[in-house]
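You will see two complexes here that share chain A, one where it goes with chain B and one where it goes with chain C.
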Partner chain A sequence: MKAYKYVGKPIPRQDVSKVFGDAIYAYDVKLPGMLYAKLVGSTYAHARIKRIDYSKALKVPGVIKVFTGEDFPFKVGIYAADRDVLARGKVLYYGHPVAGVVAETPEAAEEAAELIEVEYEPLEPVLTIEDALRPDAPLIHEHMEEYRHASFIYPRPGTNIANYLKLRKGNVKKGFEEADVVVEGEYREPLISHAYMENWVGIARVLSDGTVEIWSSHQSPFAVRHLLAASLGLPIGKVVVHHTFIGGGFGGKAGLLLEHIPVLFSMKLGGRPVRLELNREENFLFMAQRAGYLFKMKTGATKDGKLIAHYGEYYLDAGAYADYTVNIGRSVGFVPTGPYEVPNIHVDSITVYTNKVPTTAFRGFGMQEMHFAFEQQIEQLAEKLGMDPLEFRLKNAIVPGKSYLPTQVRVREDAGDPAGTMKRAAELISWGKKPEKPGEPWKFRGIGIASFWKGPVQPPNAASSAIVKVNEDGSVDVLVGTGEMGQGTIYALAQIVAEELGIPVEKVRVAPIRSTDSVAYTWQTVGSRGLFSEGQALMRALDDLKNQMKEIAARVFNVFKDEIEIKDGKACVKGKPWECISLAEMALGYTLPNGNAIHGPLIGRGSHVPSQTTYLDPETGRGEPKPFMTFGTSAVEVEVDLLNMRVRVLKAVTVLDTPVINPGLALGQAYGGAVMGISIALNEELKLTKDGRLLNPNFTDYKVARAGDIPVEMVAEFLGVGQKNAPYGAKGVGELTMIAWPAAIANAIYNAIGVRIKKLPITPDNLLEAIKEQRPELLKELDKYLLGGE
Partner chain B sequence: MRTVLAFRTILPTFTYHRPSSLAELLELKAKLGKDAAILAGGTDLLVDMKMGVKRPPHVIDIKSIKELHVLEYKEGSGLIIGPTVTLRELETNSLLKEKYPVLWDAVRKIADVALRERATLAGNIANASPAADSAPALLVYDAKVELTSVNGSRLVPLREFFTGVKKTVMKENEVITKIMVPEPPAGAKGEYFKAVRSAEDLALVGIAALVANPNNPAERVVRLAYASVAPTPVYVKEVEELFKKDEPLNKLIKEAVNIMLSKVSPISDVRATREYRLHLVKYVTAYLLRKLLGVK
Partner chain C sequence: MAETITIRLKVNGVEKEVAVKPNERLLDVLREKFYINSVKAGCLRGECGICTVIMNGRLVKSCLVLAPEADGAEILTVEGLSRPGKPSVVQRAFIEKFGFQCGFCTPAFIMAAYWIVENMPNASEEEIKEILNSMICRCTGYKQIIEAIKYAIELKKQA
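Coming up: the complex of A and B.
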């Protein structure tokens, strides 16, 4: 990568308000006359509501109103309007909000909430993918045919299927006939939670002119605005969404969350501000979580080590409302295999409703889950072929400009360097070298590798824009719609501005706190698209600004515009460094010696929309789904302890092909992504009872990795192979850093003890069970070591 | 029975008492009985109150009673730990680490530093969770609990203290005033093994093992106690008797493991399966005994 002054440098983020405690979160917003809302949830997973009695709740002093589903006879939702504001007629999962109390104080709201009584008629709950698909399964959504839905979503009324995606490439039947080895497997992942630190909160009010204002914890202010307006039939110009710092999102705060609830309550209460603040238990039950998965895969290769055919039935367990999950079903359907060329593919990706907590987007958007399955298929095929799994991967890796995507479109020439990441990750994990043997005979070490790819899943026309304003002192304000949730995209954007204008990065401000009515539009802050998309809009805004600077300088120095260059925050005549005008001098326009002024304030504007992405064919999935793909490979060394059945990650390596704007922020993502991926691999699961009650809506029993679980050694590298249209070549990084860990860990466990793990999480219980099934002799050995054998 | 889920953010209302002497505390407890909960660290009580598991109308904060904040050791008679002594105070006490390594090991493995700064040893015992980490450690030291009411004090061996999940022999008017840990057998060493899902977890299974004089059957002391394998913490006297036998240690270890397997009754719950808990009881018991008895 070319040497730049700011781009590519690990510049610490300028905004340190989080460190000093003066960062404002939605939680901090308190308005005069604010009321407090509290939701109560159903105690059944599936039941008809026969009666709701809130007379006792209304008697609590300070209680203003109790709302139930009948107060809001319409549905909301992002891709399909499948969600009631509050349950109407039926409850669809344990915890389903059935009523909302509004009171003058939070104490009164909490006291009243406990006094609400609901009479239910229990129905059979549908709790597994298999049960949901039974021909005689109870219907969770009985009137699905009435739901509004996006044109690219294919629900099947009369069933529990929320979306059905078909992908067809080549001739899979013929492919399997040519295959010399075939591997079949079933892989599962449970529902999990984003486990972000900041519970959701929203504060809404309706002004007397009808303007709806909301402050809430969300990733994508413009998505909240669009979905609020569309769901509630409000004019979009009358909806203002205020974006604050957010304490983590991971996809769980991507779309419309519960914003409509305080908005609707406020609308019904004369516009008084209403605050709905969730505690941890409520956040587990009222907010959407991540879907569960079942992958059935059959993959074939020829004896010379070429992938030839792949057949898949993919199922997503979406819970009661499918939100983004229908689109994740599409995502894993049209990228159904790893970063390899597979000539013949037949995949059906089916998203089903169940009577569980609703689900939504999650970091990786299905790619962690798909790779967990597919990267184990790869290893098993390599084993059957007697090939080194790394060599097998390299042999089949996507070749930019030559290979074809599963959606039949040729991979762009400058797409990246999949093979490069495989080779480098292998080097960093000492591939081929046997790991050291631990002292105790019941401990085993192994190494595992997994490659991956991912790009944003977005409509083909997902747009971004940017505005650059110059202040009187030559400093610059950047207006973008990018959410700041800790990933730091806005600080990387500031570095681009500094580089392009040649001004110190301290003079560039991208405010983390802003509102939809005062920043430039972006579709959403999801899918690792922020820097790539807003970055392109910003580059255009800077071109626009530089052009204006040149015009002013050209007039002042009486030269042609192309004789002006922008350097160190100044517009100068080329070759005459004494003929310059600084940004400060022309911030509000340039004033000539006689007082005449020219141009007025400098404002650069830029827009971006992908030019090559398309809708996908409904029968085959053919089309260009993504503006970019980032390629990478992760590798781990693990230690498996058969005494306590725990897996420890000793070393975690990840290599991405892309250059990065700020290596410090990128490493932060890489380390965080590794810990999150390892936590998902080893710990995380939303556990239900047989009748569908959530057992662990808390961090006591929803286990997230702690500081003590971080790998001993973590290494991340970025190869610097950029995509031409990306800002400084930089593609997305955020999600990519967490995708491959479960797959790499499963492969490493196989390398260590010869047990193949096809179900997450790899808890001690599940590992013990897998060992008993696959290699009971390992326990016999443990008997021998510790009890002297039988 | 409640027909909706309502999760509190704010504690329900209660009357707060903060006595400054033991006599005042005992009077209050005599008057209020089970309507009053004792607050020391609050790390169990406040969570239970928030979750609605407990709704005491009165809470008695004992942190300002100076006479309850005692941590004393006397050669020969052992250790006295008052009910407001925090886990962190114990963890950072070098004498405890040296003289009572099993207790020290258990205490430092409870939750995280922030919690240990608040939580007390007496609270860990009074809460009577089957997963209490300090219980097995105190059991292998044969600790006793002093219970006091307006009618006087009584000393209850910890081995008789627990009666069920979150149940003890404490009467409504009684409070814990001391935990007494006798002088350990000379040369005793040991450790607390805690099986967890992640760093800083509740015990999936906890095993306290204490061994003294491994090579001399007559003087040999071997004690084992367990957390999270039955409705109460488990101490098994037979194991201690077994190891008095002059038989090969290998054989005794095998027998001890079999005794333990017959004495525990683990369940499958949200934290672990019964099968996994039995695996730990079997192999970790053997592992600890071999290690502490010096069996190669």
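Coming up: the complex of A and C.
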């Protein structure tokens, strides 16, 4: 990459208020006269509500009002509006909010909530994908045909299917006839939680002119605004969403969260501010989590090592509300294989409702889950072919400019460098060298690799925009709508501004705390799209601004515009660095010697839409789904300890093809994504009792990685192969860093002990089960060591 | 209404008497009576550690300390480490080494880092991890936090 002054440098983030303790999160927002809301969750997974008695609750001093589902007879949602505000008629999962109390103090609200009595008539809960698809399965959503949904979602009313996506490429039957080796597998991945550190909080009020204001813990302020307005029938210009810092999102705070609840409560209470703050247990129960998965795959290759056919049935266990998850069903359906060219594909991706906690987006949007399965198919095919798995990958890797996507569109020439990431990751993990065997005979080491790709999953009109204003001292304010949830995209954008205008980065401000009525629109902060989308809009805004600077300078110095260049925050006549006007001098326009002022304040504007993306054909999935794909490969070295059945990741390597704007931020994503991905691979699972109650809504029993769990060594590299229409070539990285770990670890375990892991998480219990099934002799050997001889 | 009792606390050098309920958490007293914004709640049951502050020279989880137990105590939070615009050594290290992302856990990790720098200037990486094990950061993967702590130890030695 060409050397730049700011772009590509690890410039410290500007949000140092987080380090001083004065950063404001939704959690910190308090308004005068604020009331407190508390929700009451169902104690059944599936039941009819017979009666709700809240007379005792109303008697608690300080209680203002109790709401139930019947107060809000409509649905909310983004892709499939299937969510009730509070349960109506039926409860659909354990913890499903059935009532909400509003009181003057949190204590009164809590006390009242405990006094609400609900009588249920239990129904048979549907708790597995298989049960949900039984022809005689109880219907979870009895009136699905009435739900609003996006045009690209295909629900099946009268069943528990929330979305059914078909992908067809080539002729899969013929493909399998030509195949010399075929591998079939079933892979299961559990329901898991984002476990971000800030529990969801929302504070809403309604002003006397009808303006609805909300401060909440969300990723995408404009999506919250749109969905609030659309779901509640409010004029969008009267909804103002305030974006504060947020304590982690990882997809779990995308779209509309629970904002409608405090907004509706406030609307019914004369506009008084209402705060709904979830505690940790409630956050596990009331906030949407990540779906569980079942992948059934059959993949074929020819004896010269070419992938030839892939057949898949992909099932997403979406829980009670699939509002957002239906779009993840699309995501895994139209990118159903890893970063390889497969000429014949037949995949059905089926999102099903069950009586479990609702689900939503999660970092990677189904790609971690799909690659866990597909990257093991790849390894098994290579083994059957007697080929090195790396060589097999390289032979089939997408070739930009030549290969065709599963959606039948040709991959752009500057799409990236999939093969490059495979080679470099292999080098970094010392591919081909068996790791040293540890001294203890019950410990085994192995290495594993997994390649991946992903781009944003968004409608073809997912827009972004940017405004750049110049202040009187030559500093610059950037107004963009992308949220700040820790990823720091807005600070990378600041670096781009500094580079383009040649001003110190300290002179560029992108306010982290913003409102929808004062910054430029962006669709959502999801899918690793921020840098690409906002960045493109920003580059255009900067072009606009520079053009204006040139116009002013051309007039002042009596030259053509093309004789002016922008350098070091000035517009100068080319070749005459002494004939310049600085940004400060023209911030509000320029005053000529005779007093005439020209142009007025400098303000640049730029827009973005993902150009040339299309709708997909409903029968085949044909079309262009994404404006870019980031390619990468991760590799691990693991140690499997058969004594305690634990797997430790010793070394974790990630290589992404894209250049990055700020390596400090990008490495932060890489390390954070690796540790989260490893944690998901080895530990994480939301566990239910057989009647559907969540067993582990806390951090003692839902284990996320801690400092002591991280790999001994973590390495991340970016190859710097950019896409031409991306800002400085840079594509998204946030989600990409998390995708490969379960797959790479499973492959490494196979390398270590010859056991295939098809079920996550790889806990001691699940590992033991897999060993018993596949290589019981390992346990016999172990007994030998432990018992001391035969 | 539970009756209140009066306790005396010195928070970041400022001493004050406040009326509290006997079952009130130190966390809430700090946020509501001393206007300490940095102290956050993540679980209120001692699992996440993001409410960590220094009390009488020891790292404590302020959600697990009841207000009466803190009577007479000296409390230090990140607000007490620096003046606006002037980061302490530990804060500087977190900024320069990208030791934070969403920042929700950051005040807690900075207090742990400060404690390590003050009390264990020769801490090994393993020892650092052991202290950090009582807290969760879901964003960073801990690596840049650990790097920041090691760097802070270096900076402190140079000073």
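Convention: the second predicted complex is superposed on the first by the 788 of 790 C-alpha atoms of A that agree within 3 Å, B and C clash if a C-alpha of one lies under 4 Å from a C-alpha of the other, contacts with A are read in each partner's own complex, and residues count from 1 in each chain.
The rule is short, and it goes like this: a residue touches a chain if its C-beta (ideal position, glycine included) is under 8 Å from a C-beta of that chain, and two chains touch if they have at least 3 such contacts.
Because the structure is a prediction, the values reported are computed rather than measured.
Colleague: Would you sort A:285 into first (chain B), second (chain C), both or neither based on which partner it touches?
Modeller: first
Colleague: Touching A:747 in the superposition: chain B (first), chain C (second), both, neither?
Modeller: neither
Colleague: Kindly classify A:706 by the partners it touches after superposition: chain B alone (first), chain C alone (second), both, or neither?
Modeller: both
Colleague: Which partner chains sit in contact with A:266 here, chain B, chain C, both or neither? Use first/second/both/neither.
Modeller: So A:266 meets neither chain B nor chain C here.
Colleague: So in the superposed three-chain picture, is A:768 touching just chain B, just chain C, both, or none of them (first/second/both/neither)?
Modeller: first
Colleague: Determine where on chain A the residues touched by chain B overlap those touched by chain C, and list them.
Modeller: The answer is residues 279, 700, 704-708 of chain A.
Colleague: Hey, which residues of chain C end up touching chain A in the complex?
Modeller: That would be residues 36-38, 40-45, 47-48, 50, 77-79, 82, 84, 87, 91, 94-96, 98, 100-107, 110, 128-130, 132-133, 135-146 of chain C.
Colleague: If you look only at chain B, which of its residues touch chain A in the complex?
Modeller: Touch residues, chain B against chain A: 2-10, 12-13, 51-52, 112, 195, 197-202, 204, 250, 253-254, 257, 270-273, 275-276, 279-280, 282-284, 286-287, 290.
Colleague: Can you name the residues of chain A that touch chain C in the complex?
Modeller: Per the stated touch rule, the residues are 10, 12-13, 15-16, 18-25, 27-28, 194-199, 245-250, 279-280, 485-488, 664-665, 667-668, 671-676, 698-700, 704-708, 710, 714.
Colleague: Chain B touches which residues of chain A in the complex?
Modeller: For chain A paired with chain B, touching residues are 38, 40-43, 94-95, 98-99, 106-107, 110-111, 113-114, 116-120, 277, 279, 281-282, 285, 643-645, 679, 682-683, 687, 695-697, 700-701, 703-709, 763-765, 768-769, 782, 786-788.
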